[in-house]
Amino acid sequence: MDPKDLRDLLESVAGGRTLPTEAFERLKNLPFEDLGFAKVDHHRALRRGFPEAVFGSGKTPEQIVAIVGRIVSRGQSALVTRTTAAVHGLIAESHPGARWHESARLVSIEGRPQIPLPGRVAIVCAGTSDIPVAEEAAVTASFLGASVERVFDVGVAGLHRLLSRAEVLREADVVVVAAGMEGALPSVIAGLVEAPVIAVPTSVGYGASFQGLAALLAMLNSCACGVSVVNIDNGFGAGHLAAMILRGRAAS
Amino acid sequence: MDPKDLRDLLESVAGGRTLPTEAFERLKNLPFEDLGFAKVDHHRALRRGFPEAVFGSGKTPEQIVAIVGRIVSRGQSALVTRTTAAVHGLIAESHPGARWHESARLVSIEGRPQIPLPGRVAIVCAGTSDIPVAEEAAVTASFLGASVERVFDVGVAGLHRLLSRAEVLREADVVVVAAGMEGALPSVIAGLVEAPVIAVPTSVGYGASFQGLAALLAMLNSCACGVSVVNIDNGFGAGHLAAMILRGRAAS
Amino acid sequence: MDPKDLRDLLESVAGGRTLPTEAFERLKNLPFEDLGFAKVDHHRALRRGFPEAVFGSGKTPEQIVAIVGRIVSRGQSALVTRTTAAVHGLIAESHPGARWHESARLVSIEGRPQIPLPGRVAIVCAGTSDIPVAEEAAVTASFLGASVERVFDVGVAGLHRLLSRAEVLREADVVVVAAGMEGALPSVIAGLVEAPVIAVPTSVGYGASFQGLAALLAMLNSCACGVSVVNIDNGFGAGHLAAMILRGRAAS
Amino acid sequence: MDPKDLRDLLESVAGGRTLPTEAFERLKNLPFEDLGFAKVDHHRALRRGFPEAVFGSGKTPEQIVAIVGRIVSRGQSALVTRTTAAVHGLIAESHPGARWHESARLVSIEGRPQIPLPGRVAIVCAGTSDIPVAEEAAVTASFLGASVERVFDVGVAGLHRLLSRAEVLREADVVVVAAGMEGALPSVIAGLVEAPVIAVPTSVGYGASFQGLAALLAMLNSCACGVSVVNIDNGFGAGHLAAMILRGRAAS
Amino acid sequence: MDPKDLRDLLESVAGGRTLPTEAFERLKNLPFEDLGFAKVDHHRALRRGFPEAVFGSGKTPEQIVAIVGRIVSRGQSALVTRTTAAVHGLIAESHPGARWHESARLVSIEGRPQIPLPGRVAIVCAGTSDIPVAEEAAVTASFLGASVERVFDVGVAGLHRLLSRAEVLREADVVVVAAGMEGALPSVIAGLVEAPVIAVPTSVGYGASFQGLAALLAMLNSCACGVSVVNIDNGFGAGHLAAMILRGRAAS
Amino acid sequence: MDPKDLRDLLESVAGGRTLPTEAFERLKNLPFEDLGFAKVDHHRALRRGFPEAVFGSGKTPEQIVAIVGRIVSRGQSALVTRTTAAVHGLIAESHPGARWHESARLVSIEGRPQIPLPGRVAIVCAGTSDIPVAEEAAVTASFLGASVERVFDVGVAGLHRLLSRAEVLREADVVVVAAGMEGALPSVIAGLVEAPVIAVPTSVGYGASFQGLAALLAMLNSCACGVSVVNIDNGFGAGHLAAMILRGRAAS
Amino acid sequence: MDPKDLRDLLESVAGGRTLPTEAFERLKNLPFEDLGFAKVDHHRALRRGFPEAVFGSGKTPEQIVAIVGRIVSRGQSALVTRTTAAVHGLIAESHPGARWHESARLVSIEGRPQIPLPGRVAIVCAGTSDIPVAEEAAVTASFLGASVERVFDVGVAGLHRLLSRAEVLREADVVVVAAGMEGALPSVIAGLVEAPVIAVPTSVGYGASFQGLAALLAMLNSCACGVSVVNIDNGFGAGHLAAMILRGRAAS
Amino acid sequence: MDPKDLRDLLESVAGGRTLPTEAFERLKNLPFEDLGFAKVDHHRALRRGFPEAVFGSGKTPEQIVAIVGRIVSRGQSALVTRTTAAVHGLIAESHPGARWHESARLVSIEGRPQIPLPGRVAIVCAGTSDIPVAEEAAVTASFLGASVERVFDVGVAGLHRLLSRAEVLREADVVVVAAGMEGALPSVIAGLVEAPVIAVPTSVGYGASFQGLAALLAMLNSCACGVSVVNIDNGFGAGHLAAMILRGRAAS
């Protein structure tokens, strides 16, 4: 509820066009729908400018299908993250256009077409095992309108593979870097490019990687400027943030 | 050394205008100056588009003064972070224009004037004790050309104080949020704005805050979209990244 | 064994109405029953004023059924937490009135009816995945006589959803708040209400949530007054404590 | 700002007694004073029913004195926690009635007299070294109107000392228990009393106490019902919560 | 190889009764058998005075059976810990006297009868879920000749249950205490008895128990004298140490 | 208060020799003296058979002197641990016989002479820097009547130094082993001796020793039988436990 | 791409034998093959002097087979680590010479025969459960040309078993030591030999071993000179490093 | 004591040239000197081939001087690490040739000249603040006879600075890499060279570097082959190990 709406409402009350009790109700109830176990926030899509995403993990298939149903019924697009082919099957029964992104473990249902964002996001990953997280970022950013370039399997132990793709990296407007194990890749890339680097630690590794903690700490301690970090394996968050940064450019 | 330079150099060799041995030397020695204990990277200012910053902590005053001297001698601006009034005094002996930013613990020496960046950065902090970190971010972003708005002491336990500043936050193009203790502020703000939120955990707190670990973990686990995180107390990194995001808008 | 009982016993000995050896036996053996693998404490229900609860996890179905049998045989109510539908089935064979609370994973067997407690407990949760923990708290508090109001899916990233329920929260006498991920909700709510807030971190999240550690630390570091914390996922403990606080009001 | 105020305001606008722009201003600016480095929340005292407390650690003496000045100038009482005799000296210059509580490291300035709360709080500590934390709780609860009973140095290794005070504990309406080292005392006490137990881990100990982590974890894992936990060394929070629980009884 | 043996051997060489090369072989090869994947140490039983124990976890059934076979073939007793009924079945094929201890998850094969040790060990546990660990201790101590008294389900939240068994505890010569969750029981018991207390943290609990870490830290920080700690769930180690302490009494 | 006393008291009441109210008082007040900040437990010396020890750290010099005064006034011996030469000076003013143990940081005041315990304790340490902890153990055990043998600077990297003292170790009835860094010494020694080994991790080390955590974990995971562990740097606890084990032998 | 190649290329351009654009392409594309999900680095074998190894964990069987196919098609040898018999089966379909190393969980495919390295590697492990890690090291080192000596089940609790193999250890040029639990073995061995010791902590253990953390920390804190550490369970890394050290000797 | 010595001794006994009791004494007492607080191991220099080093931290100046005195009195060289200029002053009183290495915080006293080792060690560090640790490694390796090349301030965020020194790195036989913060440098370098890389995490950094833990974990999880790790800030250990590896080449 932004200041302009508030002013309009108050003037409407002052002008006798709205009763105080009505105004109270409107102030109290911002637009979301209550499904009991979840409150679907139709307003958010407008407020934040992007379609709604549903975090699939920890929700039952029935809950996911119900939430998606409410979103789509308004003509909006929806993204379901951390989900399974089985859930995709359930969704596809009512929404045949729903797509299953295997390695990203995502379902996307496109409502009204997303406006393309200016610029480009490079999605980089260090090793083959980091691809699912990188794909989650790539599909998310694409879904939100971004143009995406993938640069996979370019870990720091083989600098020549990385440097062979330096041009692509330098031309990107935002760089998402997913890496597990020692998590060094974002630091090296941030030293090569001028764009912001969104680092995604992955849980790839074993032993003293402690499920991604080693990579997370390495990225937080990056000696390079321009690196910020999201949660371990949070490809969705990285892709979303990348699209937000591009959207800002669209607005400027 | 970008691809175009490389091509030009090779053509110059092919055209006989450059000897192979000379070319080899140029390829091998990219432009930085070696002070023995430090390599001053004059090239970086050009490459990354921003003046050089010197991380003061862990360097002797003599080392800092020497590094600053080399940077400034080329007409470039310099920023010294995590430093003291005493070091500022030493620097000011040769560079009278050096400024001391008390609460940010920074010295800035302006060489050629920085080109103003488009848009605006809001720098928010949760409590009075978080101000030094927030100021480090604010002074850094300003120094790099950003227009900065400060919103201080708006912790989540007093939502009305935060909401009274919601307009300022919504109009910002990037929001930096510094918070210690439970680190909840970035999540709440990210739910209110459309801009990217750079979260800076601070070491403010005691007991189970574990020197900022609690705030760091909370920020990494933010349930809101658009939040990324830098190291504990890393106001410099947050301010720098904010300016980079604005610079991207300038370029678009 | 409270001081009054002790005095009575000693006077009974002094008056020759009780033999010293008998008194010794009574002092030594307070009333509980020994099943070998467990000591069922019939006295606790009286002493603490609430029915006995059995922590189901780590006990065999046979052990649970035996313990429940002893409690119910005295006409007391029983609650089995962290259990399964299968165990409910076993219990229901002898106690047909036993109820299965699916999302709370609890079995309740009502003996003598619980006296209603004054006031009201609000049970709040941040997201759909936190519902099982919130339900454990809600069913427990209800079982102990409290009047319960549920406020679900009101995470801090959508403040308007939370604020739309502010009235319910402000009217509660105790607020239980279950949240995973960044665990910010108790701090925000404690800033809105005058009642004590019992924070329950949940293990909902991934990566750097470290199975609820992030939420736990955030809650312990709350900048708001009136927040105290129970173990991760300990909905039972929170609901029980809420009922104890209401019982205190009954007594006053 | 509660619903009733909102309704009144809207009716006043509808009735032409308040201009929409004025109403907007009032809605936007809830009552706090902005000192630049801090926002003093005069409203909180009303809203939460208790005087304002200033967390002294991490603030300069000048900042503390300024904040206290604003609070006291409205006739309200103030409490400064985690502070020093020197800060007390500075405060006492303008507020001669300011009291210094040595072992609790608190300054209290009484404005209008606090209304006595019903019931009684027992403040317990395990060892002599835990006294400062226990005193912080005791002075805070007293300051907020609670009647306080101290039970000190009754660690679990000498049960007879604890049991000799059992009567006092059983008659309390809330029990605050501060303990370091193994943090076992709250569990033992919660098994003896019917009142809620607020456990305060202290940083007393060495080696594997890890500055109170051992006691914190022990208290969170208490096998006894009715225990909740605040941050390590957070005597203020425990005392404040205890007073809030008593206030609830006053209201019922 | 103790000094006396060494002296004898050297004198035998000096006396010409043993060749130097033979002596060298004997010095180099102390008596154990090499199975390739394991070295069975027949000497240890003599040296340490107790039968050999085989830690079953992480060994294949075939490896366990082979090792047990070598031990038993010398007439010695053997104990297999952390094993399964299936492994017991395999062992029993060749050693029909092998016993399966269900709740302790142990197989015992008695060779020559163990000499009874003087004194008595009390094995205590806090809750029903701690019984497997307590039983591992109890069976181990019995197997090594100790007289064992079990005191189960006497957690600190019900002191009267514990105190009702105080006499048994005070008469024990060593007390083994297994407890999970907050791990307070060893501290309370050590305050009641004069004997050494061997504390065994168990992994019983959830959330912030961190698989027994909470109990482990609590026990290491015990405020009571006479407590020492073994690894989480290490009932075998506790029972073995208890028997060693009694054996020392036998020797004195 | 042991069962026999309880029986006697009850018979005395039954026989009319004691009034019930008197009996109640005696039951309620076991013998300790309350200094306000501390409860001095004169009974403990009798109950546990050893003089009282005062943990000096975290107590003011005045508190220590007062507590010591009460203990000594009853003719009992006292030990003050973790203290300073300055505190010794203060104590020596009233108790000229008080001894200062420099490297152990202990003050001992001998009241009635301690009865010598049978057997012998070997106190071993790995490096020169571990001596203060080893001395704390040695002085404590001696003070309680044990005969002590010191074996210092025998770390595992120089096995021949350790083996040269093997005889002394094998003849000991209890072995206390203090080691920092990798904490391997107790495992190696436990493989050489038949006596119980009390392992004391020390905070000696740097970097990944994490103030003794590495040594602590190593000792808890010892692959050798007969090792139990006390808190980091807890020489007092180890020495006390060693004496308790010898005392058990005296009793048998 | 080493300096000599660069010089040659530039001279070729200068001599007109290579076009600048060709040179640019060659500089940009160092020799690796892009399979989309992985970049196979044929150059590495040359550059690093050893065959390529494929880390099997986290890759699909199809990905592994494809990568192996590309390596082998060039006549090079390949090693697949952390894999299964099933993957071996798939590989063996196209490469019948592929060998399955059961306890090391490795597949090796020998292309051109490896040149034998000078010297010898001793591979030591503490217990039977550490064998898989030790075997991973042994097979890797052998595969790279090293002569390997296995010394298994020689934990520190049985020094005589270790010392009986001391000669083998002293004659080795590099010693790899795998140990879980307390991780003491590398320290003891480093005190006995003159060669570098590569310590491999294993995840063998339970409770406070925290999946190998205890052993890792112990090894990092070794009091013996010449010990360095690789990741938990990283037998491959240890074997590879051992071979690299021997290769250095070959070169000298 | 190696096998040959043992055989000789036994033959001498057999031949009547040595009495059994004498032989026993010689076996028991290997050559070290006992200063009470330390055992100086003259034998180690011979056994391990390198001079003795004294870890200065945690020893008193007097202890250091005494130990150094004993070493030097035998004509051997000595190295004192982690020490101060003041201790150097004390040592220089008796040993005027003692040298103080300021940034490495080392004192070296050269006895008989060290034999030069073949090959070369490159000592690399990431930033200026890592120099003390790198210098500790460099001085140690030099002292033991190695030829050392320093490559300082070549962090991964400025790859061109690192690559400009690639030739020096590739020609080294062992590379020691000291880095704090994100600890990425060893991984990048190991991808460039064929020699073993000894990684030294430093405690340089702040916040989530947790005193070097971030760098330590990153290095342990290196995706590059040939990296092993020593303790945080353990420059001495790295330099010593580097020299040991070179010594192995000397022997081959």
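When the chains are written out, they are named A, B, C, D, E, F, G and H in that same order, and each has its own residue count from 1.
The rule is short, and it goes like this: a contact is a pair of C-beta atoms (placed from the backbone, for glycine too) under 8 Å apart; a residue touches a chain by one contact, two chains touch by 3 or more.
Values in this document were obtained by computation on a predicted structure and should not be read as measured data.
The set of chains in contact with chain A as well as chain E comprises C, D, G, H.
Because chain C and chain E share one sequence, their contact can be compared position by position; here under half of the interface residue numbers appear on both sides.
Ranked by distance of CA centroids from chain F, the top chain is A. With centres defined as mean CA coordinates, chain G is found 49 Å away from chain F. Inter-chain spacing, taken between the CA centroids of chain E and chain F, is 25 Å.
Chain D and chain F have CA centres that are 38 Å apart.
Each of residues 3, 28, 127, 158, 207-209, 213, 216, 220-221, 225, 231-232 in chain D touches at least two other chains. All chain pairs in contact, by the document's touch criterion: A-B, A-C, A-D, A-G, A-H, B-C, B-D, B-G, B-H, C-D, C-E, C-F, D-E, D-F, E-F, E-G, E-H, F-G, F-H, G-H. On the side of chain B, the complex with chain C involves touching residues 126-127, 155-159, 181-184, 187-188, 190-192, 205, 207-210, 213-215, 217-225.
The part of chain H that touches chain F in the complex is made up of residues 1, 28-30, 32, 36-39, 41, 43-44, 57-59, 63, 82, 201, 203, 211-213, 216, 231-234. Those residues of chain A that touch chain D in the shared complex are 3, 6-7, 10-11, 13-14, 16, 19-21, 23-24, 27-28.
Interface residues of chain G facing chain H in the complex, by the touch rule stated above, are 2-3, 47-50, 53, 118-119, 167, 170, 173-174, 194-196, 198, 216, 220-221, 225-232, 237-238, 240-241, 244-245, 247-249, 251-252. Taken in their complex, chain D has these residues touching chain F: 127-129, 131, 152-154, 158, 160-161, 164, 204, 206-209.
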